[in-house]
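One structure coming up, written as structure tokens, with questions to follow.
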Amino acid sequence: MTTPDYAMRNKAFNDSIVALDGSILTVTLNRAKQRNTFTEDLVKELIEVFTLADRDDRVRAVILTAEHTAPAYCSGADISGGWNRLWEPEAEKEGEHAHRDGGGTLSLAILNCRKITIAAVNGHAAGVGMTALQLPFDFRFVWEGAKLTFPFVRRGIVPEAVSTYLLPRLVGHSRASSLFLSGEVVSPNSPHINSLYHKILPNREDVYPAAKAFAQELALNTAQVSVAYTKGLMQHPGKNAEENHLLDSRAMKLLASSHDGTDGVQAFLEKRMPKFTDTLSKNSSPWYPWWRRLDVKHYKSKL
Amino acid sequence: MTTPDYAMRNKAFNDSIVALDGSILTVTLNRAKQRNTFTEDLVKELIEVFTLADRDDRVRAVILTAEHTAPAYCSGADISGGWNRLWEPEAEKEGEHAHRDGGGTLSLAILNCRKITIAAVNGHAAGVGMTALQLPFDFRFVWEGAKLTFPFVRRGIVPEAVSTYLLPRLVGHSRASSLFLSGEVVSPNSPHINSLYHKILPNREDVYPAAKAFAQELALNTAQVSVAYTKGLMQHPGKNAEENHLLDSRAMKLLASSHDGTDGVQAFLEKRMPKFTDTLSKNSSPWYPWWRRLDVKHYKSKL
Amino acid sequence: MTTPDYAMRNKAFNDSIVALDGSILTVTLNRAKQRNTFTEDLVKELIEVFTLADRDDRVRAVILTAEHTAPAYCSGADISGGWNRLWEPEAEKEGEHAHRDGGGTLSLAILNCRKITIAAVNGHAAGVGMTALQLPFDFRFVWEGAKLTFPFVRRGIVPEAVSTYLLPRLVGHSRASSLFLSGEVVSPNSPHINSLYHKILPNREDVYPAAKAFAQELALNTAQVSVAYTKGLMQHPGKNAEENHLLDSRAMKLLASSHDGTDGVQAFLEKRMPKFTDTLSKNSSPWYPWWRRLDVKHYKSKL
């Protein structure tokens, strides 16, 4: 692929701003005046960003954040035109099973991004601001004062964006049930939600810098292919312990024989920093990914 | 269906008392003198209550509780006649695979109830008082002073009532293993069990009122069909993220087009309370439930 | 089987020491000078110990520990000769899919041991010292001062030993992702890892004695077959609630009719200690195990 020019993207983007600094790609929501509510344009822009970042060997981590002075990180969907505004009219002709929720298509793009993903939640969050914009990420940093809520049952709809799959896995069914079925507003330190967060910070303005410093340290000291395979093993483990043993054995054999695996040992023995140079575009095995993805775009992909 | 008269039920019921107050159905265990131990009669009565509540559009939430002056919320199975007393003699003729544990049949009835379910645990709990009478519920409120235990390995038997499926999902395998394999007695604030509870209250007499006020607030501000579909998505998610995206997209399309979904948006935009009127008997799609239930009653349903 | 003589084993063992005290079998890592790093010999010795303990009716619990004066509980794999030293040369001829990670074969042996298993982590732990030597156990006791880390992405490899299957189930995907993808060093009280531990102790020298006293209490007051079936139900639950109901009903019927289940009730009613005498070699049903194990040894067991 040709190397993406993210600055060029910004000329076409309306609802987000993207910037590459070294190996860290930051996407900032750009609808502060509208409380960063979620739009069809934002879905398209973010899917493009996460798809590009997945393939761009230079990018080690993607951070999603908002301006820390915005009224919210994301207050949910832009429902100024009702829910229907969020739907593609053409897809709807084929019947109710043809609908593809915008938050969900974004969640899948984030889950499929093989780089480190971090949500830097420096403001209040509701609805899709809690689901697609937080749950599919590897790490979540949050402002201690954020008001957080999954209000779906209080709006007559359901939790979307793959959240009924993701949240119970992330924090257990007991906490997920409390959050989804009450629609309560909680703060990050609430026992109902605190295990969702990697780090809780007292000041809004410190959330993104903390996330970025964390990303930079990981970019420097972790291996790109290693991170991608580890994410794969967590998202697509064996169906039982034995199957997982076959999967992680094969991944281990491949990576331990690679340049990065070899240098990882050497660096440890020599008490020096490792020099990881393997990239996903050049050094990934044809065996990876070992799972098959369901094609959700095709209208026949109904259950 | 004809509208159930719960007061009439009480004439037939021995081991529980049922009362409908507005949209909240409360079932109170009625064997305080026997420490509310679990009987065949109780299984039948509770299955009837949860099945009626599931179908009765008036009921938004079911609360199970005990008298707060009882020696226990539920001290486990009534084993005054040995374990065998809990079994249906006729079912046993077909062989060991034909046995259906009473706690488990009740757990399934509670899981299958599409309304909000709350256990108000205002006293000590052991055995089936921890499993069937707590784990299948959406929310658990508990008295801080309650002594809680899963003593099965200390009685020569196994955790029943679907608990080996439910507890690890609710709190993770590490905590579930601690509780099941030690049979230890813990208090609600123990890190081994605290994530099981939505709310922990200092006084026994406050547990049921807190649960009821919570239920009333939810009844007022959440949508019936929305709650049922959300419970369905949590209990029967997709096998992977992509499948879940197809399921929640379809549920979202159905509900966002419904009266309640439409009014949910409008109310939010107009900053007023929503007026949810859709009911499960009139406004649920033929697509729901999207999962197939295994018929556990038939004696051929063996594994 | 003939009764194992564990003292005899010690003559053949290099990297561990095994001792039976009553019903408690203790295995102590014996490479303190090498920070108890993980070797091929250790894999073979531990697999032998857990396989023997599984079959030896006298053994109720197995504790794995280290000398509390050692520089670490286990600092990870012995990589003094690179990763390759950990591999069986003959297995490699068949191609990358034939590799079986040593940590994983040990994890499976520990998971398959039907007795109570306890890791007494009385020192620092890294890599396979966190995975195979902790995650497959029923209970983990740990020294408060231990430095703990899953450093795989910082070495160019992947988390092994079935850990990508086990850790998310034990503590949830949010915490597992924090630990695996950052490779951070945490202490047992960190919210990122504390739910992994049954007990956290302030002094190194108290970890093993606490684990042993705990094991002895369980050996005295729990039933052997009951523990084994409970472990089976947790590791191999039904695919859904209904299937689990069929499984736990059958296990309940079998055990409640057994000597131990009968005495468990009687002892409770008579307020005396139970006298559990059933053993796995004599009193387990042909129905157990109800699951099929994938044969991971055969080279055709590829995915």
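By letter and in written order, the chains are A, B and C; residue numbering begins at 1 in each of them.
In the analysis below, contacts are C-beta pairs under 8 Å (C-beta built on N, C-alpha and C of every residue); 3 or more make two chains touch, one makes a residue touch a chain.
All figures in this text were calculated on a predicted structure; none of them were measured in a lab.
> Following contacts chain by chain, what is the lowest number of steps it takes to reach subunit C starting at subunit A?
1
> List the interface residue numbers of subunit A and of subunit B, divide the shared ones by all numbers used, and answer same when the ratio is over half, different when under half.
different
> Please work out the Cα centroid separation of subunit A and subunit B, and write it as a whole number of Å.
Each chain's C-alpha centroid was found; their separation is 33 Å.
> Which residues of subunit A are in contact with two or more other chains?
Those would be 172.
> Okay, in this complex, where on subunit C does subunit B touch?
Per the touch definition, subunit C meets subunit B at residues 116, 138-140, 169-172, 194-198, 214, 218, 221-223, 225-227, 229-231, 233-234, 237-238, 240-265, 268-269, 274, 276, 278, 287, 290.
> Applying the document's contact rule, which stretches of subunit B touch subunit C when the two form their complex?
Residues of subunit B touching subunit C: 79-80, 82-84, 87, 96-97, 99-101, 104-105, 107-108, 111, 152-166, 168, 172-178, 180-183, 191-192, 235-236, 293-294, 296, 301-303.
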